[in-house]
């Protein structure tokens, strides 16, 4: 039993990362004794679980994921939603709005129109049907303002941080509202355009440097410099 | 075409590949892309997907469909090529798709399509092989899960000599042309075509030369991917973009 | 645009059964792995064509007609005749064949047959020039699938060869720059020709001459063309899988042996 790649090493498809009785987890596949990477990404192993965190991939829906999507079509029973995935999702009318005032069928367009953004939860998805959404819970529903940023879905956990540490820091320091979808969509709503630019820059920085050491410090440094206006002598 | 020093008319030895330059991620819109220059061949491959499939009747319920189009630009050859798809391009599109498809883990994305578009901008022999080399990189660049990259290379015979990586004149006036594609880890040949005349011994020699050529090219593909995705924190100097193959 | 075809409509049970049999060296029609189905060759069936043949391999039927007409030579071969192959996957041959322009399978097949003839110079095109640079005979080889029950490639090629080997063309002479067709007939000038054999990879086993059920269960096919000097003249892999190098080497050896048997059949039928 050997692990052949180092933690956070850049690996490519077909690269042999481990040999033996390991448990192939994400973005690797096992052929006999050999475990290979299937993607360009960073190698990770936790105990006997071997994974590769891809640098680029599309969003694959999972039940219970909170996503941000764009309405692409209005139908009789609900809306078609682009969730930044090869699978287009459905938001039924019955799953939108609080119980007291869910819209009646002919008023569908009055609540959500093509081009609107919505925050929703995936309540069903399997290989034989498209994802089904619900926007009934609190904090879900139509998004009325903000700027949409797309990042690689696998970087979302880093953006959120351990127990929300990173995202909360960004929110607090920028006084912006940040809404994050598991599907790689981030909504930034700021009162100050200048702060909005800084936040967008930070989000992109986190996406590109998610795998590196010392990211939190570098993010703090940018925050100090650009949001607090604190001049520091050293980076 | 082979002189008394055993060199070909472009100065190469019989087992020498043309000089190959590979770049990954050259297009903005495509999910993945790659560009190859191999001798005078200039080919760009772009990949979109996995994405929703239209028309719906192409849907395959348990995996992604792969769609591949190989096209030669009208200005790519000595004589202008008519823009309409030729029968040769139709066949080449098919064999390229069949060469790449075994490497794609298409079961991960049922009911979607992965589109591969190959534009041969300048053609000088061996374009289907160069296309496969570039398209495989483009698939990896797009974040499509792959068993491994597919490599590809041709061999042929000119004046009785078995040679690797034919260019256009050698292909036209030679006695045999044998393009292959290989998934080296799996030892799987996913494309093999041949026309011409080779004795069994010549075939064995040519076939093995082609396999060896594929392995060399595979190393170049690996390098190109790592180069593109090199981490900013790396202190290594970036390599030259042109790779010479000895 | 080439798109992954739908898996055939074969039942999983049937496919698994065929693969299981193959792993034991058996086939659903009780043939040995390297045996062809019965090959029947009929020639001279279309009097209006210069040459014609129908070949049946088992229940697969392909009819080929050869028409030889005066035309213009290609600019890069001004002193040679022209050969052109077209394949028609007529809807009557199989429920999935549709009307319309040639699909990729039909184009691939016609190009395989064409290459088989062209590289080996099976048709002696040098003898088909009329006025160099201006006029030459064009040999139209039209393949018509009649009934698809597996292995259209071999059936089509054997039919094309049989039709060509029994083709007759009128003698001619040039008088004052005019082409005058005479009444006497002469055979189309032919050289030696390669014989293709097609393998199917079913599970991990290679078998020759797949019937339609085996084609639906196979992952990949390999056609190998061998000439009468035991040289490899043509190869084409098709399908979604691949071959190990050793499988290809062994296929070439089998093809060298098998092509001799089939060559004998064709020679007898076209005497």
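Read from first to last, the chains carry the letters A, B and C; within each, the first residue is number 1.
Quick note on the criterion: a residue touches a chain if its C-beta (ideal position, glycine included) is under 8 Å from a C-beta of that chain, and two chains touch if they have at least 3 such contacts.
None of these values were measured; they are calculated from a predicted model.
The touch graph of these protein chains is an open line.
Farthest chain from chain A (centres taken as the mean of C-alpha atoms): C. When every chain is represented by the mean of its C-alpha atoms, the one lying closest to the mean of all protein C-alpha atoms is B.
We define each chain's centre as the mean of its Cα atoms; on that basis chain B and chain C are separated by 28 Å.
Each chain gets a centre from the mean of its Cα atoms; for chain A and chain C, those two points are 54 Å apart.
Here the CA centre of chain A is 34 Å from the CA centre of chain B. Among the residues of chain B, those touching two or more other chains are numbered 183, 186. Contact residues of chain B toward chain A in the complex are 31-32, 49-52, 61-62, 105, 108-112, 140-143, 145-149, 183, 185-186, 222, 225-226, 229-233. In the complex of the two chains, the chain B residues touching chain C come out as 58, 60, 65-69, 87-88, 90-91, 93-98, 101-102, 106, 113, 178, 183, 186-200, 202-204, 207-208, 211. Across the interface of their complex, chain B is touched by residues 10, 12-16, 27, 29, 31, 36, 38-40, 54-58, 60, 86-88, 127-128, 208-209, 211-213 of chain A. Interface residues of chain C, counted against chain B in their complex, comprise 1-4, 6-7, 102, 104, 107-108, 110-111, 115, 118-120, 222, 227, 229-245, 248-249, 252-253, 256.
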